[in-house]
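Here chain A shows up in two complexes: once beside chain B, once beside chain C.
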Partner chain A sequence: MNKFIRIAAAGMMSLTFGAVAQADVTVKVAYDADPVSLDPHEQLSGGTLQFSHMSFDPLVRWTQDLQFEPRLAESWEQIDATTTRFHLRSGVKFHSGNVMTATDVDWTFDRLKESPDFKGIFSLFTDVKVIDDHTFDLITSEPYPLVLHTVTYIFPMDSKFYSGTTDDGKDRSELVKHGDSFASRNVSGTGPFVVSEREQGVKMVFDRFDGYWDTETAGNVDQIILTPIKESPTRVAALLSGDVDFIAPVPPTDLARVDENDSTDLITMPGTRIITFQMNQERVEALKDVRVRQAIDYAVNNAGIVDRIMRGFGTVGAQASPAGYLGHNPELAPRFDVEKAKALMAEAGYADGFEITMMAPNNRYVNDDKIAQAVASMLAKINIKVDLQTMPKAQYWPAFDERAADMMMIGWHSDTEDSANFHQFLSHCADAETGNGQYNSGNFCNAEADMLMAKANAETDSGKRAEMLQQMETILYNEAAFIPLHWQNLAWGARKGVHADKIVNALNFPYFGDLVVD
Partner chain B sequence: MFAYLVKRVFQAIAVMFVISLIGFAIQDNLGDPLRELVGQSVSEEVRQELRDELGLNDSFLTQYLRFAGNALQGDLGTSYFFKEPALDVILKKLPATMELVLGATIIIIGLSIPVGVYTAIYPNTILSRVVMGVSIIGISIPVFLTAILMIFVFSVEYGWFPSYGRGEIVHVFGPWETNFATVDGWMHILLPSVALASIMLPLFVRLIRAEMMEVLQSEYVKYAKAKGIRPWRIYFVHALKNTLLPVITVGGVQIGTMVAYTILTETVFQWPGMGFMFLEAVNRVDTPLIVAYLIVVGFIFVVTNTIVDLIYGLVNPTVNLARMGA
Partner chain C sequence: MSSLSTPTEPSRWSRVWNSNIGYSFRRNPVAIVSLMIFLLIAIMSIFAPLIAPFDPYDLGQIDIMNSEYPPLWVDGSDAQFILGTDDQGRDLWSTILYGTRLSLLIGICAVVLQAFLGISIGLIAGYVGGRTDSLLMRLADIQLSFSTLMVAIIFLAVTQAMFGSETFNQYAIYFLIAVIGVAEWPQYARTVRATVLAEKKKEYVDSARVLGFGPGRIMVRHILPNSLSPIFVISTVQVANAIISEASLSFLGLGMPPSQPSLGSLISSGFDYIFSGSWWITAIPGIVLVVLVLVINLLGDWLRDALNPKLYKG
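What follows is the complex of A and B.
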């Protein structure tokens, strides 16, 4: 009887308040994986950043057309060559109720400098000087053009919340990569969603933060339930059957299904991850010859790969920088001409071809193993016999580090959303000291390209920078430093009425705070 | 009986020791756990530091002795991904898998006995031929294909069943949360159970049918018939009991195999059990979790085989466990 009364009372209350509070809008989201940790500094990965955009806010974020949008930083100005002054929004609260100030930014910055994953991005940043509660200066060791790019990685953390010790005496601010830390299980950010429930690998529940500063957003989602669904067919089935409202990624094989279904929408966008093959000049003498490298590039039909294997779900590339990046040179066209390739091989003295080994992962990039098979058979046409081996990424990366094959596949997304990053990691002369060329398994080395990158990284005038970076891309193209294949497109599926097209972007960080659901 | 059980305990310990050794030996070939722990642009230097911290740079023997020492105290290591003791992670996932296996077992037992007996008694009816034909198809379609087909037919096209996950679960005690307490839970477990059963069901139907047909030819069945005992009593009491011995033997082995198939079924249905967890652990090179899983599964194998032996004795009194133990 008691229970009945309570239920009845609750029912009456919801009737009374029902008119005021609208029915809760819950959106069920299925990704292929859930974030590894609640600590935004533990791992630099897409999953972590997607989560950061839900429970935290960056100082500045990217818009859909890759421009900067002020978030927690309202405005900024350059004070001198190495100092940028930021003005913070006032009245911003953390989930804990604490008010965000410049001290939190300073604290967060120091923690980023400690993070094994993030400190690389912040290597040129030396200090945050707090001027007052809502103003701080960000200082770099030398003039640096990518200050705003980098600031998109600063998601202020609640310094009061993360300071002190836990009940069992551990430091709350502790940043642990492989263990149980306070920050990996507790969150207090300024973001639109509070984590209210989490079972790792199974489910995460986010509730709208009622003290969220951005009251002007049209976003009306009260709750998000994030479920990882690893298998693509199951993820698509869950969307088509209405069990979830939003999925990512949509595999190429199911694009048409999602698009043609009456109750779902498909949203696609050219991505920024370039898929390439590198040719190891140290292992194979022939690959030192630029004509041979060009011949390989001419032999590979990357438009065909996009068309047949990717089912049109990719953008054919001839360079590392995607359109929209400063260094993107629109004049560089994909090379494909088998006759020309044969001629180049003959010119270099390799008309009869040679044998090489090739390795590619089979679960890292979209259709990676099929792409590798296609490239191997294309090379057979110019008498290059390829011994191909594909393997799971867990085994692939150690092999890649050992430079275990003559041609190796690698895809790259620039953490800074800038062209120089591609060159720095993929085609810069290898240098263990600076870490440049860390993923240059081809041992390609071109002093002029390296010099252009160094100059561009110290040039703050974006017009001049663009010129240098484009010139750099041209050199890499002419030298056939690597075989560019395509940029992987991005695809999201949403139930009709979930206006996901407004919140997604090429970085694949959907801004759920702004999501509008009918 | 007691001697038999003692012997089994020692066997179990030996089995788990060997498994742990094998698991440990192969972990270097599974890949580099650091890759999954750090971002792509982290320098080699930082990675080495982390490797040192994790003790991954120690020699095989040092690492194994450290592991074995901890294992004897019940600590099988800490999962890199879950950041919790590996054994806790597995125990948390175990109920979901066990319920799935239970669901599949109920379907298999509930269907294979009547169907097997029927097709043995009436081998030439159209229904029997259809059943045998379907069972051939069932045995040859891989379980993940069955699972995906079922999702597309029953979830997407008809919308009868949910497509993934466990749905509404009710906490029972400890880590055990059950699917069997709510309608939603039943709806969620049905498709995965059928998918998991699909690979074993035809096998058992065929096995029971073959055994039954043989028994039906035997002298005592003929005698019983001549004596005028009612047919259903001959079939289900006298004949069936004698067909069960080989069925139980195969069943014991197959329960182990079923654990292996849960890896596929759980992955397709995003079922949060330990099979799915294992596949993910392999992908993430979460070596402590992989080794712990292998040991736990080894333990399950030993336990089921022991239980099968015990049941053996109950079904057939001529089997003497004491002698088996000697």
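What follows is the complex of A and C.
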């Protein structure tokens, strides 16, 4: 009898657990790295924005076919040349329970203008004027063609939650780069997922936000467990064995395996993220010479890197703007000619070469460490001896901000889907005031290119704009402002039944709130 | 005529050849084959710069367009590269030759360091005895309670952070020798101490002392030569261990830098490709490492049997 009760109890238990498991849809996600901070304004990077799309909502977001989709802003209209009026959705709540109003947008905008990383994007935006709880005006200093593009970067933060002081007397709204602040550990947004557990570098657990405003979405995921798996083969093996449901990125060497496996789907898209090396002119005298920079560009076989290391899973680049962008100049061809490179080095008086240091991340871009190794051996052919160091991105970005090496790798995806953004962050004369050149570790500076960018940003006629931006790309190409390598294609792997193909996009911000799992 | 009656002095080689060890060696095919393979690997790696068609450490000779060619017997290979190429376009055959040289060099130097430390400490502990002995042997116990790999990982990680990876990569080989050498000295110290304890009771030691020799001379010139056989046996095993430790550390990214691959770092760099078709980058250096360690261990086994009086079969 006793035994029977035990068996019955065990049966009941497993039934209830089974029922719970069915009601709860958990998706296990494996990325190459987890977000470095919970503060959406600390770092302008893919990881931060992917996280922002999970726990926050933008005013407007991009759809898969690169159209604008209203999110927290329901509608908008242009009032005059420099003012756009936005109408906010009503009844939107933050994770803390506070109701979102135009004041939160204003507060977030002010914080963005303070952020060393983000203020560059918002440099032409002067103010948010609150009209009423659900209406505000966004004002630019001059007519700006990319207002909506930029608004995709406004993720309203909970101004009440982030105001005041913490227990140890620190300001809750404080924005600290690579430091410990309230916002880097606590989060309250309007997004579909609440961060319920976080152990950096180990695991992050997101639970669906009960009071999420978007009840029309088909998304049915209740919990997301994000685990960083740095090693690409391990990440792929985890997907193939069924340990995780969704992985990104899929390394080029394993695309076929994920595609051919019966229980997994491979999703690929041509990317717009350019991978580059920057040459620090302030650290190395030789790099001030345009001939040396061109020689390095001629020595680097970027077609070989795409063919061999990327297995053709990328597009060889000669400029920052990918095809389809206004600034893309089809006449600029990739440079590769070792003899020419040697001749240029000799002409510049460096026939015997010199030594430089190089740094690259090893879990940020696809095959980043292997690309860096290959570039190091290519430079050896023109007698430039490279001391290469690769490291995880959590250590790499602080080193990048210190400009710690003579050559540093950076990949950039245009925040506004526009050519000017590449130049503004990667090759504009560095200016801490405006945030221009925030990621220009080469300290390249060309007044003419900067002027063209400023003019283009005030130009609403797209034909004239394209002309200016293409001219700007040509200057950067002739000056060899940086070494363009390739535009990296995007690849995600998902278990069959996880309809990830609907939520991914060329920006690489998966919208997990809309994810449907069978 | 007396000069005719004195037998000719046998040459050193024939003395070795006719000794017990020589006899046991001739009768043991496993030992013969092991020694031949070991000598083959050792000679080839010592003469690597002459044999290897490429210099894998010269980045200027590497071309990314040559990456991931398979070995000759697989379709799609390039005749230049007998064993294929790795992910950066290095010739695998040359890299293995140079890598084995590094592995052997690190293994042997680390064992020399271990032996120096271990034998000195063991001799002193065994001969002096008393408090010195207790102190040294407790130190050995403490050292033994940490696994070699753990000590090495901590030490190398700290030095890498302290000197920065530029300096570290430059001196990686010395750091590896130092850490593997220092971490394993108690193996020697304990064995040497045990034999010293047995030997120092013997009459020849007493007579040496009566003749007025100092302790240093007695230890080094009298006791040590009589304790050599166990030292030989440990040395072979320890060389194999040191090679494995070096390979593990390099595999974990704490050993030789990617620009100067040893066997371990070569295995590690091919690991990304093992499932995607390019198995040779990991498999071939892996086989070389296994064979090398195996023949050293087999030689050690044979030497132990040959030198063990209990197993002495005449």
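Operating definition for what follows: the second predicted complex is superposed on the first by the 300 of 518 C-alpha atoms of A that agree within 3 Å, B and C clash if a C-alpha of one lies under 4 Å from a C-alpha of the other, contacts with A are read in each partner's own complex, and residues count from 1 in each chain.
Quick note on the criterion: a contact is a pair of C-beta atoms (placed from the backbone, for glycine too) under 8 Å apart; a residue touches a chain by one contact, two chains touch by 3 or more.
Keep in mind that this is a model prediction, so the values were computed, not measured.
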{"item": "Chain B versus chain C as contact partner of A:A374, first or second or both or neither", "value": "second"}
{"item": "Which superposed partner A:D243 touches (first chain B, second chain C, both, neither)", "value": "first"}
{"item": "Touched partner set for A:D254, first chain B, second chain C, both or neither", "value": "second"}
{"item": "Contacts of A:P233 with chain B and chain C, given as first, second, both or neither", "value": "both"}
{"item": "Partner chain in contact with A:N301 - chain B first, chain C second, else both or neither", "value": "second"}
{"item": "Which superposed partner A:P392 touches (first chain B, second chain C, both, neither)", "value": "first"}
{"item": "Residue contacts on chain A - larger count, chain B or chain C", "value": "B"}
{"item": "Contacts on chain A seen with chain B and repeated with chain C across the two complexes", "value": "231, 233, 237"}
{"item": "Chain A partner contacts - residues on chain B that touch it in the complex", "value": "29-32, 35-46, 49-50, 53-54, 78, 80-84, 148, 151-152, 155-156, 159, 162-165, 267-270, 272, 276-277, 280, 282-285"}
{"item": "Residues on chain C engaged by chain A in the complex (per definition of touch)", "value": "58-60, 62-65, 67-68, 87-89, 165-166, 169, 258-259, 271-278"}
{"item": "In the complex, chain A residues that touch chain C", "value": "231-233, 236-237, 251, 253-254, 256-257, 301, 304-305, 307-309, 357, 370, 373-374, 376-381, 383, 386-389"}
{"item": "List of chain A residues in touch with chain B within their complex", "value": "30, 36-37, 43-45, 116-117, 120-121, 177-180, 184, 199-202, 227-231, 233-234, 237-238, 240-243, 363, 392-398, 401, 412, 415, 425, 432, 435, 438-439"}
